[in-house]
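What follows are several structures.
Both of the next two complexes hold subunit A, though its partner changes from subunit B to subunit C.
Then we have the complex of A and B:
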């Protein structure tokens, strides 16, 4: 039985465990129908031209983990930004771990999707926001919607800001030979509120894991959202991350994506600017080796006038890795005075590595400033020689240059401890000790 | 008097198509529809050898199995391929013509087009092959060229007189099964130009082909084959017009360029097919496959000025097969009213140290949609490949659209690829700056548009640059000084 059939037949089993009377269940049923019609995307589709899911579909994934697994904090401490105090929402094999987590209802709600989807007190929020910005058409998002039950639920009321950043962690223990996880997150940030979120998926063994995550973010008027995605997973872990962001007037949403590992990573990052004077920023650093594959697919839809968007993605590709960048900017007819910038720079450091990039503009308004730039190249030999002539060994010199190449993406990271952590990860990936922290 | 962008826009909308006349020339037209018999009949009509007929039938077989492509960013009512006549020839054109034998009415028509054949012969150093309704009617300067060993004639003559060259190269760059329209063209092409430059010869004059669709209900399917032998050079020009009609006419051409070791081909196009009226009715569907293959140290340069056609679907490409070969693409695409253009290029780097440059300028006005679609591909063995691409779009009015779809695929670590694109309108501050210095708004817009397209206009041969300027004037009349 192929994966699609298995998923569709598992939906019935899934229904036994959820409240089928709840209005959300109608949404799930519509979603599974859409998935049944469309199935897994193939390379024939323009959006999946460079990323194949064929191999993933051959794996016999467990859809529901059989048993709960406990993890000791000391074993997984290194995956947390443990230098600072944070709220934590931790899942082990898709199941909430209250032992590792630290949630709150003190003025803000930082808790669980399962609670939000079942308890009546959250119903007004769920009614207004759940599955409202996520695509009802895209098959993998529908698949997630159909099985949506658990994930992080964050609600920040007007003028509030949580005392500390929020970490969302997904661990998989490898108790199943191969596991499919489908976390569903909802983040609502009301007017003038602010939040910082760090998200990470981590597989602890070499068993196959596929995560098909959907996150919906709603930023109301003047809200500020900082979202950091750390993707440094095991070589057997694959991730399909679908993030949908709805922004209102004067809101500011920044998404940073750090892709350093995993077998196959696909990021679908979609911004919808439903208001004026909005600022959307998406930045990414990708450093790959081995046979890793990362596909960044971004969409910024400028729907209203006077908005801005900034994109800056840097990639360094070694070994037999492949990178894809597909950035799409749509400017509607009424979205005059839009400023949209997109930058994608890549370095290939191996003959077997390849990069496919497609920065795409679709513009229907005339009074706009839109630009995109894209480069593929190598490290500057002159700069390398300069450093070597000053006694820096070639390996370090190369690392320094690559570090500098990626650095301006890091400059907008607002949590210093996170920045140090990312620096360390970059140094680790480049195989050197940079000898300094920034 | 202040000349505003609004007024310019209005002028753009109401500006009529200058070449929209129809000349009443008796012609012989095949019945509508397409089947094997028609393909055979076309071949027979042209007196082609058997291998050519078989080649056409093979293409027709592929075509039947293919589907019309839908990926382009254009929307149009699909042509009914059974409602088109696939062969139309001016009756009086004698196969053994000299310029003096050409129907005076035809010459009159070309005068109207501003390409008086006589005049060209006397004044300018340009050899012209004129193709009307897919049949070559006149080729000038044949003798002068023959002295140098250059063959410049219609492709049907070439099939008869130089079968060894045609047989070797036709379909070698654009195979029959390449795409839907190329297959259709391969099956039914009625004529076109053929050009062969022998080893080491520098063609002393510009070679030029003029295409004209005259008859109603016909499609134009011409095929151009240019072969530049080792270390030769040729500059080739191509221009096109059609009468104004309410129906959509189909133009599906194939152009193949072969640049052997060290050869250089410069291919310039001024495309001004009837774009439809200002309500978007009528106009030519321009679905063209153009491709060049570059051997060692060869260079191919495509320059195009696209102002006509209701729907354009055109990607002049370079296969940089040989080491150190160079591909260039310079394009201005102007769309107005309801025109749609999806155009760009493909640069495929296969050889080592290959270089390519892409400069694309899109100007959209009215309710038109203008897309750039390009592919830069660096294969794993193409060490030292270098590409620079720039696509700029200028929007006039808020009902038009400008889109870019650049695909960049790199599989070699020594590849250097740069791509930039910008989209903007004529800035109020730019116009203000000019006004401030005593330049009125009309001149200012002219200056800015001229400056915007200069990089491409500069690449056109002299004779054509003037014509291209004139065409831009048609689109932007009153503003280009």
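Then we have the complex of A and C:
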């Protein structure tokens, strides 16, 4: 049985374990129908031209993990930003781990999607927001919606800000030979509220994992959201991340994506500007080696006037790694005075590595400022010589230059300990110890 | 200390250095002057080991050791230093961290442990005072957004930190105002000793009033066409370089 059939048939088993009377279940049923019609995207589709899911579909994934596997904090501590205090929503093989988590209901709700989807007190929020910005058309989003049951639920009321950043961590323990995870997150940040979130998927063994995640973020008027995605997973872990963001007047949402590992990673990052004076920022650092593949698909839809969007993605590709950057910007006719910037710079450090980069602009308004630039290059030889002439060996000199190249993206990370962590990951990825924390 | 014999170097199959002979002994200061495009920066780069230039003939010896096939970093470890005409910007890496890396890599190459943090701080303080560099300056990203003068001063700060045997200063004076020039020159003079040597590449006599050379060489079209004492620099200042064209035409 192929993966699609297996998923469709397991939907019935899934229904035995959820409340089919809840209105959310109508949403799930519509979604499974859409997935059934469309199936997995193929390379024939323009948006999937450079990323093939064929091999993934050959894997016999377990869709519901059979047993729980407890993790010791000390064994996974290094995946947390443990230098600082954080709220934590932690899942082990898709199942919530209360032992590793630290949730709260103190003025804000930082808890579980499973609770939000079942308990009456959350119903008003679910009714207004659940599946409202996520695509009903895109098949993998529909697949996630159909099986939506667990994930992070974050609700920040008006004028509030949680006392500390929130970490969402997904561990897979290798309990199953191959595991499919479909976390579903909902993040609602009300007027003038603020939140910082760090998300990470981590496979702890060499068993296959596929994560098909959907995150919906709603930023109300003047809300501020900082979202950091750390993608440094095992070589047998693949991720399809679908993030949808709805922004209202004067809100400020920044998403940083750090892609350093995993087998196949596809980031679908979609911003919808439903208001004026909105700022949307997407930044990414991608450093790949071996046969890793990362595909960044971004979309910013400028729907109203006077908004800005900023995209800055840096990529460093070594070995036989491959990358894709596809940045789509739509400016509606009424969205005058839009400022849309997009930058994608890449360095290829191996002959076998490759990157496909493409801006896609659909501009229907006339009074807009829109700039975009893609570059593909090698390391600057003069700069390399400069560093070497100071006694820094070539390998370390190259690493410093790559770090400098990516630095612009790092400068906007607002959690210092996270920045240090990212720097360490970069040094690790580049295989150097520079004798100081980058 | 540094001995250059019949050095020829190419870039992209074009010959730029066409037979340079130069000997610099410990304790000496040599000035290399000459019109734009004569090959001064190329000579400096080739001494420092820049692999973009191909040495086709001749040799460079440092304290009797042939530097052929010695990488730029190894040359640095052996005591070669080049103050760049155009220093490179390295965003995200502070001056301090850069110097820590450079010094510890050099120590590592010599089989030494990393310099203890306390000693490093002391050294940085001492050398930054020598060049009247503000502490805040040291935490800025290397050369990023530095003015021309700041970049040059920072180059000499690096020289002070690394204490090379042979320092080549490529147009360190250009872009410096008179106060900065004085600070930089006095820094270089303080670093001078009987055990090291300095090669000053410059267009102007101005710098040579502060750092007095033992020898002055004129480089033209990839060759040293004239050498003399410090009075040659004055002569060049007066006459310009037009006479070179006639002389080489003859």
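Methods note: the second predicted complex is superposed on the first by the 437 of 438 C-alpha atoms of A that agree within 3 Å, B and C clash if a C-alpha of one lies under 4 Å from a C-alpha of the other, contacts with A are read in each partner's own complex, and residues count from 1 in each chain.
Keep this in mind: contacts are C-beta pairs under 8 Å (C-beta built on N, C-alpha and C of every residue); 3 or more make two chains touch, one makes a residue touch a chain.
Keep in mind the model is a prediction, meaning the values are calculated, not measured.
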{"item": "First (subunit B), second (subunit C), both or neither touched by A:354", "value": "first"}
{"item": "First (subunit B), second (subunit C), both or neither touched by A:404", "value": "second"}
{"item": "Which of subunit B and subunit C A:391 touches, first, second, both or neither", "value": "second"}
{"item": "First (subunit B), second (subunit C), both or neither touched by A:380", "value": "second"}
{"item": "Contacts of A:364 with subunit B and subunit C, given as first, second, both or neither", "value": "first"}
{"item": "Partner chain in contact with A:47 - subunit B first, subunit C second, else both or neither", "value": "neither"}
{"item": "Subunit B versus subunit C as contact partner of A:59, first or second or both or neither", "value": "neither"}
{"item": "Residues of subunit B that touch subunit A when the two form their complex", "value": "71, 378, 380, 393, 395-425"}
{"item": "Partner subunit B, residues of subunit A touching it in the complex", "value": "46, 333, 336, 346, 348-378"}
{"item": "Subunit A to subunit C touching residues, read off their complex", "value": "380-383, 385-394, 396-397, 400-401, 403-404, 406-408, 410-411, 434-436, 438"}
{"item": "Subunit A-touching residues of subunit C, taken from the complex the two chains share", "value": "45, 48-52, 71-73, 75-77, 80-82, 84, 86-93, 97-98, 100-106, 109, 114, 141, 158, 162"}
